[in-house]
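Given below, in the form of structure tokens, are the structures.
Below are two complexes that have chain A in common, paired first with chain B and then with chain C.
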Partner chain A sequence: MKSEVGFEILRTLVAIAVALALGYVIIYLVSEEPGYAFSTLVTGPLTSVRRFGNFIEMAIPLVFTGLALSLVFQASQFNIGAEGQLFLGAVAATMVGIAFQLPPVIHVTLALAAAAAAGALGGAVPGLLKARWGANELVSSLMLNYVYYRLGIYIINYHFRDERAGAMVSLRLAESSWLHHFWPPTRLHGGLFIAIGAVLLTYVFLYHTRWGYALRMTGINASFAAYSGISVGSVIVYSQVLSGAVAGIAGGVEMLGILRRFQWQMPPGYGFDGVIVAILARNHPLLVPVAALFLAYLRTGADIMARETDMTAEMVTVIQSVMILLVTAQAFLRQYRHRAIVRASREANA
Partner chain B sequence: MDTLRAIFSAAFGYSLLRVSTPLLFASLAAVVSARAGVINIGIEGMMLAAAFAGVAVSAFTASPWLGLLGAVVTGIVMALILAYFALKLKTDIILGGIALNLLASGGTIFLLYVLAGDKGISSSLPSKVLPQVQIPIIKDIPVVGDIFSNHNVLTYVAFLSVVVLYYFLYRTPLGLRLRAVGESPDAAASVGVSVHRIQFIALGISGMLAGFGGAHLSMGYVSWFSRDMTAGRGFIGLAASAMGGETPQGALLTSLFFGFADALSSYMQSLRIPSEFVQMIPYLATVLALAVYANRQAARKQAVSHRAAPKGSGTVVPDSGHH
Partner chain C sequence: MQDLLRMESITKVYPNGVVANRDVTFAVKPGEIHALVGENGAGKTTLMKILFGLEQPDAGSIVYEGRHVRIPSPHAAIAMGIGMVHQHFMLAPSLTVAENIVLGAEPRRGPFLDVQAAVERTEQLAKKYNLPVDPRARIRDIPVGMRQKVEILKTLYRGARLLVLDEPTAVLTPQETVELFAALENLKAHGHTIIFISHKLREVKQISDRVTVMRRGQVVGVARTAEVTEADISRMMVGRDVVLRIEKPPANPTRPVLQVKDVRYRSELGKEVLRGVTFSVRAGEIVGVAGVEGNGQLELAEILTGLRSAHGGTVIIDGVDATNAPPHRLRAMGVSHIPEDRMTHGVAAKATVEENLISDRFHRPRFQRFGVLRRKAIRDHSLELIRQYDIRTPGPTAAVSSLSGGNIQKVIVAREFSSEPKLIIANQPTRGVDVGAAEFIHRQLVDAARAGAAVLLISADLNEVMALSDRLLVLYNGEIVASFAHADQVSEEELGLYMLGLKRQAPSEAVAV
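On to the complex of A and B.
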């Protein structure tokens, strides 16, 4: 059992190394200054306090979406709609942030509650469609993403738009709704602590409550769970609703902590990043921050590389997708593991 | 009133066939892999990569046909990568498909920047478009000619593919084996069919069809590549395939339905409805249709199980009952 965990860690590390090596090859083929580009990618986030801050602040939404995806993956469900739910959450937080003037703590709480509710509603639709009619949640949540983007853009564009700004952005959020930056010159904000809280809450929920137990059992074997009295239909719905709520908070925190006015023309992609984070973390809430930090480090490095060299930041998606493919490839490196087992048993017998 | 008149015009019929073309390719790609028991979530990415390859190859060879070849080969290669990971290395095929979609989305932007120096659109590349085809005799018939003639060559390929795929699945030995593998891999394996080989072939064909769809987007529908230009069409194809009962003829009908919603949305732009709502229509239609379809399936399943097990006994009933 212990060696199995060790093997999983090794496999993950080898997968990451292979993906990074491929990234190096691509840089080498395309860049005029491959050595400098690669070293910027790998060490960039540590070269200044501001960049270090960028790295940590980038991890915050990834922690939330990683948790959102872990919740549904543990129930053996899919939620490709995290992207749209996050978008809805951001819009809801923006609306509350602009429309009200409230005491600071209450304002932040209300804005994030609205974000969570919007995300949860977004997640409830595919969950209900699946539980009630068996409609494939993968396809429905994908399609709803497009619906949610347009709905969000409509709300901002027609009701909260800043007419004086040149670009399509919302009005500024009231200062009382901000999550404040606590470590200038970085933009690290109170959302960091909310993220840590979310990690702990998700862990307690999954491993120390009856609901969490039902969710995990449904994920392991739905028929068995149903047989032992678990209502699989309600597990499907609440896993999607909770996942949507967490994704919604991710969007809200980005608005209150970083952007302070809605300015996304396109969904920011954190929802799909959550898939990678959850996979790297093996859907375990306590490992989600580790995976999120790793991915955020890579992202920040890529952004710095794009600014300082002739490479584009998008090349990291190549690294990321190779990582998903290899980490989820159960047979990857399996033969070495078999050989090791055979060798160990021979030695034991000798 | 104007909208109604517009819908019954020949121009609307023409644009219906035009916007349905990539959806039809995508849904046929979904049908062929689903019938072999493998879900191809990566169709979206395969189409996108193919659309880019079509533009890039045709720009550098000055030949639209080589561009088409490049697009189709790209679709097939992407599908075989997915097949290799899913079948040989046991990657979860859905996560593998998601990975391919991410790869295509970021990889095409990256290559676009390398080749065209722009991260949004390929307009600086002198890419070619595939020709439009005048159909003799039909083109001279009023209305009918306006609707059915003068389409991009790939539109005709798409509609022909329905027939070809139907013939392949139901009238050839390989098609029979492909369906057998999808129906029951164990039973197929027990009579000596190589399940993996068949699924490799099915994914390859799926990638080829996605490749045609991508080529149509960037070398017919429009004459350039832009980032994430597939805009969910690969996923709509999956929904269309599921709703069409995973048959080519069903996929044809559902693709036309989604095409109708899409064409309708561009006609409704002229009304004073916010464009965001109009643009939601195809996606909302997909969700609604998916729910209705799944609901019907569930009702049918229930009807079958009632007949087989009258007093709610625990009899296990196969999913697809005959009527």
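On to the complex of A and C.
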């Protein structure tokens, strides 16, 4: 077990190093000032308080979606619908934020509860389809993204649109629903603490409750779970529902903490980023913040690099892809590991 | 005569540490039909996967047609003239026979498939090898025996000279088997070489020239088929080298706990796997089910434990109808199950030992309160079972996959026996475990029965069923063909005859069960 964990950490670090090295090679080939571009990419987020704030604030939605994906991945399920569920959550939080005037804490709580409920409903659909009829959740959750996205746009445009604004945006949320910025000039907001809470709650749920246990056992070996008397169908449904709820909260927190009026014309992509975060974190809730911070750091650094040098921000997608390919590739460094197993088996039988 | 194929000192260790082949040497002569036999898990399939490039050996070498070769992929195997007919057919159901046969090496007319040429080539091949098929029929519309012919033709189309058939008769009716054997003889007459994997000894005897027997990852014997009897082969397979003796106080059975009446099961392919099985097991006794594997044992065990639904008949447990009840209900009724395939059903290999020990009871108040797991209780529980069942593990938080086969089995036994079961269904409980662990598990089975549990012991290991059982049933071809009131009064030879279907009790002889 210990050597397994050590091996996975090693694998991830090697993957990151290879990806960064490849990033450097590309910058070197393309840029007129490769040294400066690369150092901006790597150190940019630490060069001012505002940039540091950008880096942390970008990590917040990634923590939520990373958790959402970890929940389903631990059950050996997939949820490509986190994107749509997040969108629904943002719409629900916007509705509550605009429609009510309430005491601050209560308003925030209600808005986020609505976001969670909307996301959960969004996740329930693929979960039920899978448990009841065996419909592949990957396909159904992916296709439902379009449904949720259009539904959200419809609700905002037809019922909550700000007619006076030049763009297609909603009315402003009531101030009582805002998550406040606590460290000006950054936009760091109360969502940070909610994210930390979500990390701890997800960890406790997965590793310290009977439902988390059933979920993990189903994920490790569904045949074993069924044999033991665990209802695999209900695990599938509640893993998707909880994942949807967490993704929904991610959308809600973005509305209440950063945007304060709905202004997405397109889904923001955090749902898909959650896949990357969960994979880097090996689906462990306590590692999700580490992975989310890492990804946010890379993204923020890329933005700064794009502003200050002749490189474009899209360059980080290359680094991301290489990283994910290497981490998920079963065969990467496997020989190294397999030789160790064979050796151990020989010794055991000697 | 020089060997066509020689696999020398092959060792294969799977990533979970299971040693599937240990120093296996296997040789095939050109133009022979060579049977490879052994129980499930003996390592036959792994060896053939290595031959076909699906797995890479960790040690050993392969000599084919006089040259040292490496077989990195099935593609390479096919290029060398090695063809494999899998147990589960690899055909596209919506395509026609001809399309399936040429798939991957299609005759073309411009960018398109030349359907006419495909049909013609199929007809030529079918004629040459006397394997009649309808080239234009769709796979989904033709019966299993026909599909198998298509699989064989497909390998021949790709130029196979050495054909591997993995339990080809498992899915066939007797008539289809006769046809298959005629086709195999014909292939042999054309100079092809065939490796025939099976555990149906009568067929092995009938069709093969030579036979290699595997047991527990090693080759235990090679013989000319004509020079050995079915009983000889079976002895090598099940390996009763030393007669097992177990101290066992006489049984004192009381009320019937399990009553099985006329249970029937049909496979997805429509084959009758269980043809009306009736028996009962009483509290305090061990009833053994002997039989060569693949005669319905797995299906019977899974029906009794809720993993599979019967198509007919009833199962009554302690007077309550439990036919096709789901696992959680059966467990609540006190049914324990040692599954045949321990890695698939018995454990979550990547989970810890303590997590595996609570999978059937984590919801009980002892282990959780308001849904929150009680870590201390779980830890104490696992430490207690590790001690009591002598599980050799670095600790309760070690991954089960890091344990040896015998200790993994002990984890399962510890969990299944510590729930105070009324009924224990043990399917091949000591397969692939070391002698020490096997002995321990046998002791546990006897103790549980004498403490009042009803035990159904299903095993292909003659030694095991004969030594442990109070009463004994023989399952052959989905039917109970013999039953004995006293397991210790049956001779091994006699039992062998029933197991191989060479003999069956008339209804009047059968002891009421």
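In this section, the second predicted complex is superposed on the first by the 334 of 350 C-alpha atoms of A that agree within 3 Å, B and C clash if a C-alpha of one lies under 4 Å from a C-alpha of the other, contacts with A are read in each partner's own complex, and residues count from 1 in each chain.
Definition applied: contacts are C-beta pairs under 8 Å (C-beta built on N, C-alpha and C of every residue); 3 or more make two chains touch, one makes a residue touch a chain.
All of these numbers come straight from a predicted model, not from anything done at the bench.
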* **Partner chain in contact with A:216 - chain B first, chain C second, else both or neither** => second
* Mind working out whether A:140 is in touch with chain B, chain C, both or neither, as first, second, both or neither? => first
* Of chain B and chain C, which one contacts the greater number of residues in chain A? -> B
* Touching A:228, do we find chain B (first), chain C (second), both, or neither? -> second
* In the superposed arrangement, does A:208 touch chain B (first), chain C (second), both or neither? -> second
* Asked: Between chain B (first) and chain C (second), which, if any, makes contact with A:62: first, second, both or neither?
  -> neither
* To do: Could you say whether A:288 touches chain B, chain C, both of them, or neither, answering first, second, both or neither?
  => neither
* Common interface residues of chain A - those touching chain B in one complex and chain C in the other -> none
* Of chain A, residues touching chain B in the complex -> 30, 78, 80, 125, 129, 133-136, 138-140, 142-147, 150-151, 153-154, 157-158, 272, 275, 279, 312, 314-318, 320-322, 324-325, 328-332
* Quick one: which bits of chain C touch chain A in the complex? Just the residue numbers, please. => 13, 15, 17, 19, 22, 58, 305, 307, 326-328, 330-332, 337, 339, 344-352, 355, 358-360, 362-363, 367-368, 371-373, 375, 397-399, 402, 404
* Structure fact -> Listed in rising order, chain A residues that touch chain C in their complex are 1, 4, 208-211, 213-214, 216-217, 220-221, 223-231, 337-338, 341-342, 344-345, 348-349
* **Residues of chain B defined as touching chain A within the complex** => 41, 85, 88-92, 94-96, 98-100, 102-103, 105-107, 109-110, 113-114, 119, 231-232, 235-236, 238-239, 242, 274, 276-277, 279-280, 283-284, 286-287, 290-291, 293-295, 297-298
